[in-house]
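Got a structure for you, written out below as structure tokens; questions coming shortly.
A, B, C and D are the chain letters, set down in written order, and residue numbers restart from 1 in every chain.
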Amino acid sequence: VTKTEQPERLFDDIGKHRFDMMVDGVFAIAMTLLVLDLRIPEHIRGPDLLASLVEMVPKFVTYGMAFCTLGVIWIGDMICTRPFRRVDLPHMILNVVALLFVALIPFTSGLMGSYPDNSIAVGVYGINIFVVVLMYAISMTRVPGRLCSHTMDLLFVKDATSLIWSFVIGAAAGPFIAIFSPRSAFYLNIGIVICGAVAFPVIVRRHHKRETIPSPLMPNKA
Amino acid sequence: VTKTEQPERLFDDIGKHRFDMMVDGVFAIAMTLLVLDLRIPEHIRGPDLLASLVEMVPKFVTYGMAFCTLGVIWIGDMICTRPFRRVDLPHMILNVVALLFVALIPFTSGLMGSYPDNSIAVGVYGINIFVVVLMYAISMTRVPGRLCSHTMDLLFVKDATSLIWSFVIGAAAGPFIAIFSPRSAFYLNIGIVICGAVAFPVIVRRHHKRETIPSPLMPNKA
Amino acid sequence: VTKTEQPERLFDDIGKHRFDMMVDGVFAIAMTLLVLDLRIPEHIRGPDLLASLVEMVPKFVTYGMAFCTLGVIWIGDMICTRPFRRVDLPHMILNVVALLFVALIPFTSGLMGSYPDNSIAVGVYGINIFVVVLMYAISMTRVPGRLCSHTMDLLFVKDATSLIWSFVIGAAAGPFIAIFSPRSAFYLNIGIVICGAVAFPVIVRRHHKRETIPSPLMPNKA
Amino acid sequence: VTKTEQPERLFDDIGKHRFDMMVDGVFAIAMTLLVLDLRIPEHIRGPDLLASLVEMVPKFVTYGMAFCTLGVIWIGDMICTRPFRRVDLPHMILNVVALLFVALIPFTSGLMGSYPDNSIAVGVYGINIFVVVLMYAISMTRVPGRLCSHTMDLLFVKDATSLIWSFVIGAAAGPFIAIFSPRSAFYLNIGIVICGAVAFPVIVRRHHKRETIPSPLMPNKA
């Protein structure tokens, strides 16, 4: 047993832990940098401040949406990668590419906040989200089973991967809809985030139920 | 015992650890981004530098206040969430919303620093702080007892939750006072931060005393 | 033994770990934000780029100095707080105040980089460094021995605290020297950073030597 | 045995863990700050947005290249420092200097993105990457074997160090090539990043193979 397990030794728990820090760092910073797009109105006389803040409403809405999008992707990442005890190099490289597009979100969401009714601005944001979700989908699909420690976890990974692929399809529609109606694409993006926030608890709960009913075919180790 | 505990397995210690990193990352970055609101005066001749720095005093005061506010909320978060051994999804989602408003503080505090005598600027900051504290209060109130590992910790969580709700009431007064007197609302905010820095040690100490006196009704496991 | 140790239970290892993340986060961000003060020269024709980069040399020097200062303080923090197994609330509050001034360094060093020959700019930076070192000195002096786990570590903490106080005295001279000669104060700051980078290894090595010679008075547990 | 091992006690696992956080923090922030160089085009009328985004293509390419460069260096750092169980002070100081140049990359890559056909801009970026790689090469070369826990790991460290030195030579060519042809230097940089992403998995796999074949000269402890 020790002989076959040794090859993975170099990328075990600690590697996963440090890689998590990389992912968490980029998400936390991208989320907090969103605020830099909210510029304080300058040289405004007292009573006009409310008016200039009201003008910024599309920027506030975009801020909230981009923050929640990043938050949901991050929670999804935490839930989906939890069963893995190790990371390998292709996984790391795929995720660096995903993070490259995660770190772009402060720019593309800022673009959308500045031009909320422009097809190109909303479309670029949609493409950005699509690429991020696609990268996660590919990353989850290729992760080999040997990185998991439990058989039950593999079933969960399979479910989660299917869920992410359905989000890929949803996110792919965004840029096309933006060509005809930027506003509809905007609402679609909000819808996808809400679906994500709802879908992950559902698959986790379903997985829990399955685990508590010991099947005669797959005996529980506990 | 193993059967009833299994359902939480997916969100145990490691999940808590990674979620803590998310919270810590956003707080650390929000606190450090506050400095970006302090712009270096440009094209100033030597002797005039002191005058232009003196002009920035409201900005420095706001910087200090926002930094301490975030610091006290963070310490409060660390103390309050320590007894929990696990996090569940509703807790994560509630906290992402809380972080959304935590990450807004560099903007709203910058607004207050630019317009320290403006009711709207001070009121917006007050609303921001109020929403953050409210989110933490809701998050602490709904956390189910099963996430705690010790009976004594539950008592502490109850005490801490009451304390946070009293801060919610205090913070709610801020925006109303700002309508009539921005300066009073500013001092109220400082007062709440000092109360927070004092109140948490007090409830921790009280909790410690209670724990060292083994009651005959609740036998200590140690 | 369990009775007297229980009161600290709430702020043990995990609390220290999360507090370390707070400290590390603020240092890492403050260090990386320094780069934002280096603005890319705009609308420059090809051959003039070298000239405009040469003009920026004081900014590069300041960047390097501020980065190394923060790096040395951070390494000092890591070395000095390593013997502690717990943190208590006064320690946390003192360190939040220290971090408030650590996070100010990108501003004050940027000020010094923009006005390298201005007494006020260099003096403000000197005061900033002085307050940071002072806060660490107070924080180390008041840390009660009960937070340490080994008798030998207490000796190390005592040595480290004396060292930090000597840096407080050195840093206090900076702002005064800046009044008469900003350039001398600049070199003093560089000198202090080099001393810090040299002094910490020296006391660690001395401490190691002491530990490897088991004294008859203080029997080694190992 | 305990006597000779004690001197390193002060800089063991926890020290390594905190130092990793420092490294990870600076990398994550430097990578995410790259996005700040992508400024949202202002006051553009709807149909002109695409044109102004197309104009930004060199900036997007630079963003992607700098992000991947930092990502590959970071993964390289994780892989190379994994065998070490401890860090010592010279290692920490060398790495702070490396991080100083890592944190400069958002500036130098932004410079290259603004002036992609300028020898000086591309040369400065090349020098920056060269210094970072050189610092890592020196840091890896001087790390004493006693910091490793396994004999096999020492062989891996030796291999990785040779690899990094070959990258030093490659990166050294960049600034010289930039004098004659900025575009070639740009492609060289991309080539080095791809080589890095390919070379690390190769030496890791080779190392794994070597480990699974127990040699009669170096008996495996497992």
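Keep this in mind: a residue touches a chain if its C-beta (ideal position, glycine included) is under 8 Å from a C-beta of that chain, and two chains touch if they have at least 3 such contacts.
Every value quoted in this text rests on a predicted model; they were computed, and no experiment measured them.
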Both subunit C and subunit D are touched by which chains?
none
For the identical-sequence pair subunit B and subunit C, what's the CA-based rotation angle in degrees, nearest 5?
90
Look at both sides of the subunit A and subunit D contact and report whether the same residue positions are involved, with over half shared, or different ones.
different
Per the C-alpha centroid definition, the whole-Å distance linking subunit A and subunit D comes out as 26
From the mean C-alpha coordinate of subunit B to that of subunit D, what's the distance rounded to whole Å?
36
Multi-chain contacts in subunit C: which residues touch at least two other chains?
21, 25, 28-29, 33, 36
Would you tell me which residues of subunit D are touching subunit A in their complex?
20-21, 24-25, 27-29, 31-36, 38, 40, 42, 44, 46, 49-50, 53, 63-64, 67-68, 71-72, 74-75, 78-79, 82, 156, 197, 200-201, 204, 207-208, 211-212, 222
Enumerate the contact residues on subunit D facing subunit C in the complex.
2-3, 6-7, 9-11, 14-15, 18-19, 21-22, 25-26, 28-30, 33, 36-37, 89-90, 92-93, 96-97, 99-100, 103-104, 106-107, 110-111, 114-115, 117-118, 120-121, 124
